[in-house]
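These are the structures, in structure tokens.
In the two complexes that follow, chain A is the common piece, with chain B as its partner first and chain C second.
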Partner chain A sequence: MTRLFTPRGLWNEMTGADRAASGVILAVAGVLTLGLRAPGEPARAVVRVGGDVVAELPLDRPGTFPVPVRSGTVVLVVEDGAVRVSESSCSGKVCIAMGAKDRPGDLIACVPNALAVRLEGRPRAGDREAPDSIAR
Partner chain B sequence: MTARIVARLAVLIAVAATLQIAEGLIPKPLPWLRLGLANGVTLLVIVRLGAGAALGVAVARVVMGGLVLGTFGGPAFVLSAAGSAAAWLVMAASWRRLAPPLSLLGVSVLGSAAHVAGQLVALGAVLGVGRGVLALAPVLAATAVPLGLVTGAVILAVHRRLPPWEIRGTLAPSSDR
Partner chain C sequence: MGTVAELKVVATDEKTADAALSDAYDELARVELLATTHNELSDVSRLNADPDGNVVLSPETRNIFRVAFRVQAESDSAFCPTLGAVLRAWGFPDEPHVPDPAVLRAALKKEEYDLGGVAKGFGVDRAADVLGQVGGCLVNVGGDLAVRGTRPDGKPWLIGVQDPRDPSRLFITLRIPDGRAVATSGDYQRFAEIDGVRYHHILDPKTGQPVRGLRSVTVIAPNCALADAWATAAFVLGPEKGREALERQSTLEGVLVAEAEDGSLVLHETSGFGPFVEERFP
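Moving on to the complex of A and B:
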């Protein structure tokens, strides 16, 4: 019984199908890791609160940006071509723990505040110029 | 439904809600990691009392957890509900159709992965980023496997040590798998 909680004991307890199912999930994780690498350089951090875009922050312009959210304020910091959450009025602080993001497609989420920061590539020709401050 | 079943379900709901609340409060190296013991209770009930009872326990637990943690109705509650519902669905279906060859451990891993998937879908909807949430999928899917195994091992140990639950009435007795 106690052997169940050692790696070998756990492995021995698993059926072939258990191992296969675990392997498939790990493989999916690997494929997603490789498949999600978007080309190009991230140009801006698109900030959403409750699904609505409230700001687009160019990553080449360092600064500190307070974003009003339902529980108070989330402070975003842009520096060294990356964006991170430095302060948040949420309970879990998961958003702060997610650290600095600098690759296209990267996402910072603060669930209690319904805040998302997603890194996107440079706007294509014809796109309107992205505002560089809180748009609301 | 006998008094024995009512009492048993009440205890299970209390245990599941307590585990859910406790897991949110315990300091962790990565704050979004959850061992998933509350979902483990869902699995234990699927195995011992059936999928219907497990759904009831899961719904009551999610609501209680939301009320105690103050997230009820908010984005975090939506994620909790979506993850728990997906985990219940996948674990109930796989325990019924795929075990064997899957054991309780494999069903737990599938439930853990389903919990992540359900949360990601809800996250994409709540945050308005849609498929953008896939950026979080690799690390979540990878951690779902070891966390699902550990949760499964705990539930397997509990299942083996508990005496059989004598069930009369509408809830079917479990096999001794």
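Moving on to the complex of A and C:
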């Protein structure tokens, strides 16, 4: 059995379909402080498709949320204070492999579907400070 | 699957931020077109198609080559920018497979440029230069990043480094000051599992085989092109020689991550890496 995971590689690592799909999601735009919420409010997952916000999912409200995308549907699951992709119509399934995210600043992306899920919100008292970005 | 570009900038107003972000994105795309091997009109593709001809390279492509050749020389060729044919023999990135030994031997004899190990970092640097004219910024392309200035609260940018065993976890967080970059090479980034064996894309230039011994290498450098190339070089060199090679570079710090038999991580850090560490996770 062959499984391929390609979570990085702007230059030589995209399939033709991905490059045709514009390749890169501009995941975060604007002033860093935008999107922070009042202390104590639960984090929420802001779902963007093609740059447009299509949903905001509070992480304290469990549920399953199908999101229409260009190749079909991406299914988001909110449970245990985290969000993850459980199903995706994309070919690589890297978005599923990115796992569950629960900290403000975390990002899940499905490049072929131009979908980005960004966690926003102020860390609760006692929470670790969320990283500004992830090296991987 | 491609990658994600994450750009953050601290600006006085949203309009200024949007304009700067758009310019930085254009810069990323422009640099990509210089070095990609997926476009036959790129500088690198034209050079590969006509290695003995009179291909005129842009000044920026020449700069990318300078970084690549410098790291190649200083790493005893552990970093090799001419593995294009070998990577294709393995089918990376789209259809990885174990190549026929004769095909691999033939590919090793070819000098086909693939600047993927340094060009992405170069694009990150250029985009950060653009955003940095507006204010503090962070540019992250596929996990390799550069920062300028500070966050809005005046603190250095806080960067989490992915646990090579689990993409949903971090094993360390770093405070990265103005003008520094971070790049990681890992065996989990592009790989195929074939008959239970993992074949990843970081290849030994001498044998053409995936390098064993480390799970990841993260390098902090004055620019992302250098960090990108040295992360690959140190990965190829292995835990001890890789750490020693990074130590010899006065502007570099890094951590080389191996996995013990019990599944725990074994960290090999350069002597100046510690002050960058904000927090370690078990």
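One rule holds for everything that comes next: the second predicted complex is superposed on the first by the 79 of 136 C-alpha atoms of A that agree within 3 Å, B and C clash if a C-alpha of one lies under 4 Å from a C-alpha of the other, contacts with A are read in each partner's own complex, and residues count from 1 in each chain.
Quick note on the criterion: a residue touches a chain if its C-beta (ideal position, glycine included) is under 8 Å from a C-beta of that chain, and two chains touch if they have at least 3 such contacts.
A quick note: this is a predicted structure, and the numbers were derived from the prediction, not measured.
By the touch criterion stated above, A:109 is placed in contact with chain B and with chain C alike. Contacts of A:100 after superposition: chain C is touched, whereas chain B is not reached.
After overlaying the two complexes on the shared chain, residue contacts for A:52 are found with chain B alone; chain C is out of touch. Look at A:92: by the touch rule set out above, it reaches both chain B and chain C.
Set against each other, chain B and chain C differ in how many residues of chain A they touch, and the higher count belongs to C.
On chain A, the surface touched by chain B in one complex and the surface touched by chain C in the other have residues 1, 4-5, 10, 13-16, 18, 21, 25-26, 28-30, 32-33, 92, 94, 97, 107, 109, 111-112, 116 in common. Against chain A, the residues of chain C that register as touching in their complex are 1-11, 13-14, 17-18, 21, 25, 28-29, 32, 35-38, 87, 92-97, 114-116, 119-120, 123, 138, 140-145, 151-152, 157-162, 166-168, 170, 173-174, 182-184, 186, 188-195, 218, 279. Residues 24, 30-32, 71, 74-76, 79, 98, 100-103, 105-106, 109-110, 113, 123, 126-129, 132-139, 141-142, 144-145, 148-149, 153, 156-157, 160-161 of chain B are the ones touching chain A in the complex. Partner chain B is touched in their complex by these residues of chain A: 1, 4-5, 10, 13-18, 21-22, 25-26, 28-30, 32-33, 36, 48, 50-52, 92-94, 97, 105-107, 109, 111-116, 118. Remark: chain A residues 1-16, 18-19, 21, 23-34, 90-92, 94, 97-101, 107, 109, 111-112, 116, 128-136 touch chain C in the complex.
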